[in-house]
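Please go over the structures that come below.
In what comes next, chain A is part of two complexes: it sits with chain B in the first one and with chain C in the second one.
Right after this comes the complex of A and B.
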């Protein structure tokens, strides 16, 4: 164990925890703002701390305060089961959080001949870990629903359980097709496989290599995370809030946050398995390291452009209507954020200039490339989360029997057939 | 020392979970006990540095067996007053524990002999397990699958609707 390996392990763990937990308020904010955008209204944009609104993200923190201060309520006939009633949301939340921890955020670092994984928990069987730990989450839903002693909660829990059983098969079989293709159950090896190209130009992303399995995987993960159009465990028009009807305050918040963490994890798994993970198409880690000066120059051009667009967008949108006399600190916020962004850009430019043209330090270059890959990963993750949210607010819900019909009659046979074809092709190619 | 304390904690989890599963009258608490026991078993495998076995244990026992059994419990949704009256429960438990003790001895003897088969293997990965299952251990593997198949056929036969006389007419 060298110093580097300890530092990398600790930093990856912190990065994993931050990416899983800090995205919750951002995702709640995105959900509300995108829903508003689709429904032609503005959404939350007024809650502020000293005039800082951050586009409305502050609203999420205000919500946390509200949920902490709410009255705790327990149904009177729980009796002995109160500890399990309180534990149930925690099971769901922790399972979703742990499942996220095996996603690789950057390529394996090669420092002084040591291979260091940038993964919060360096588990080689990442896919199996995700499938195993992800399945525990539904247990919290079932315990919570059953202990509520409420018909709606019971129905919601039963529906959640049956959904998991019917879609786990399609999910596992489509993931198996990817395992056969990539010849590994390790997420990092999967991403490295996808950094190549086939037919000379097309990036070998999972969605292009295995389109059927990719679509089944996306649909099954939508169902697993209980997002629209597969919200059957809770449905306001049928079973009120489903399994969380009797849960109040932070217990409700745990379920709520667990859902967002699960959605975040599902997007991370999708981009890792079928959208090239932390890699940009056509540019592999080795390419970036061997042509580091070119890479640094390209970043030095790209970063100011992105920041300029961001500042212009902020100046245009962070305003009030002309008829309103005070802007409530919006102009001040724009100014402070612009200065912060410009200072950050200058700092990054200086670092890249130094690394790309003056220092010939391989370790520093490796770390810079890894940080860039983390940034690519976060951007891809957010894009896919936005896709999840747009689907939720544009597609109507399926009826419960339709969901089960889709799972058993279409996805399961299709994934089995796809696995068979994949196996035949892979055996034919390799032998 | 760390290994020993981890082992004792996991063993306590497993024992406590199993006892809770047998003693509880409410089926869902029994399911929770079973869940704890299974997670403890997975932890044991992880302690033996067998990551694959630990994850497979969680995937099969927790992801499939516990979820399906809990779904059954939810569907039946037995009330407290509908549970059977068991006056001699503890006597029966002790009696059956004595009854299975020869079987446990047999299991112990066979399990302690088994590890000599796997002596030369250091790193266990999925590829090795797959090739072993389909070459050296193919006969036991197939026998187990026949057992599973017969269980499945039995379940289908039981679940199939019985033709009543009214329908036949």
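Right after this comes the complex of A and C.
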């Protein structure tokens, strides 16, 4: 155990926790903002701290404060089951959170001959961990719905349970096709496999190598996370709020946040398994390390461009129409944020300049590449989360029987067939 | 088969429809276009920044907060006939009548209260009034207060409201 290994382990643990927990308010806000922008509205954009509204993301924190201060209400008929009634949302939340912990945020660091995983939970059986822990989340839903002694809650819980049974199969079988292709159950090995190319030019991303399995995986994960178009455990028009009908205040918030953590985890898994994880296409970790000065130069060009676009966007859109009497401090906020962004850019430029052209330090270069990969991962994660949200506000809900029909009659046979074909091809290629 | 029967073709049986993914792609194209347009130019979104921007499309037929009209000599037009209070479906108008001393008319209200928390803004009082003494043309659509009492409008307050559409004095009692 060197100092480096301890530092890397602690940093990746913190990174995992932050990425899972800090994305909740951002995702709740993103959901509301994107929904309203799709529907030609503005969405929450007013809550602010000292005039800093950051597009309205502060609203999520205000909501959490509200939920914390709400009355704790328990239906009188739950009697003895109260502890489980309280525990149920926690199970869902914690399961989703733990499942996120095996996602690799950057390639394995090679420092002084030591291989250090940048993974909150550095285990080699990541996919199995995800499938196992991810499936526990539904237990919280079932307990919560069952203990409520409410017909809607019970129906919602029963639906959630049957959904898991029908879609876990398709999910597991499509994941198995990937395991056969990548020859590993380790997420990090999967990403490394995907950083190559096939036919000379096409990046070997899972979605291009295994398109059918990729689509089944995405559909099954949409169903697993209980997102539209597969919201069966809760349905306004049929079973009110489903399993969380009787849950109030922070217990409701736990379910609510658990849903977003699950969505975030699903995005992370999809990215890791089929969209190249933390890698950019065509650029593997070794390429970046061997041509570090080129890489640094490219970043030094790209970062100011991105920041310039961001500042331009902010100056145009963080304003109000001329007919509005006051801009509510938006001008000031734009100014401060622009200055902060420029200072950050200058700092990054200086660091990259030093690392790329003056210092010949392999360890520092490795860390810089790893940080870049973390950034790539976060960007991809957010893009896929936005995709999740856009789908929710585009597609109408399936009826419950249609969902089951799709799962059993189409996805399950298709994934079985796909697994068979994959296995034949893999055996044919390797032997 | 009668020639009047129109056979409606059923959709959704082609392979493209059954795959469902092309339809999702089409849908996402529409939603993404809206999202992209609105993200790139947020101020073009046709919404009202409400407290800072006030609506400009309130018409003269809009039923806003009530007012009591004046005569040409600036005295109250109301003759305390209780027609409005009788017509009111939510019984929120409370009038106390008194003899009118200045000789302009026989009666006038001593007190005239409208409980706007009870009021449903149906406009029946305006319809019922024979003297054009009560109107709802103030254009006031937002009413706020700190206590229930703030929402009970008295005679002086109702008289102080101005008409928003040009007609100031009562058309029936000049």
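Rule of thumb we're sticking to: the second predicted complex is superposed on the first by the 431 of 431 C-alpha atoms of A that agree within 3 Å, B and C clash if a C-alpha of one lies under 4 Å from a C-alpha of the other, contacts with A are read in each partner's own complex, and residues count from 1 in each chain.
Everything below uses one rule, namely that contacts are C-beta pairs under 8 Å (C-beta built on N, C-alpha and C of every residue); 3 or more make two chains touch, one makes a residue touch a chain.
This structure is a prediction, so every number in the text was calculated from the model and none was measured.
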First, second, both or neither for A:402, with chain B first and chain C second: neither
Chain B versus chain C as contact partner of A:2, first or second or both or neither: neither
Partner chain(s) touched by A:112 [first = chain B, second = chain C, both, neither]: neither
Chain B versus chain C as contact partner of A:361, first or second or both or neither: neither
Touched partner set for A:42, first chain B, second chain C, both or neither: second
Touching partner for A:157 - first (chain B), second (chain C), both, neither: first
Partner chain(s) touched by A:125 [first = chain B, second = chain C, both, neither]: first
Chain B versus chain C as contact partner of A:320, first or second or both or neither: second
Touching partner for A:34 - first (chain B), second (chain C), both, neither: second
Doubly contacted chain A residues - partners chain C and chain B: none
Residues of chain B defined as touching chain A within the complex: 26, 28-29, 32, 35, 51-52, 55-56, 58-59, 62-64, 66-68, 70-71, 73-75, 77, 125-126
Contact footprint of chain B on chain A as seen in their complex: 81, 84, 123-125, 128-129, 131-133, 135-136, 138-139, 142-143, 145-147, 154, 157-158, 161-162, 164-165, 168, 185
Contact set on chain A toward chain C in their complex: 34, 37-42, 215, 313, 316-317, 319-321, 323-326, 328, 390-391, 393-395
Footprint of chain A on chain C - complex, ascending: 21, 24, 27-28, 30-32, 34-35, 38-43, 45-47, 49, 52-53
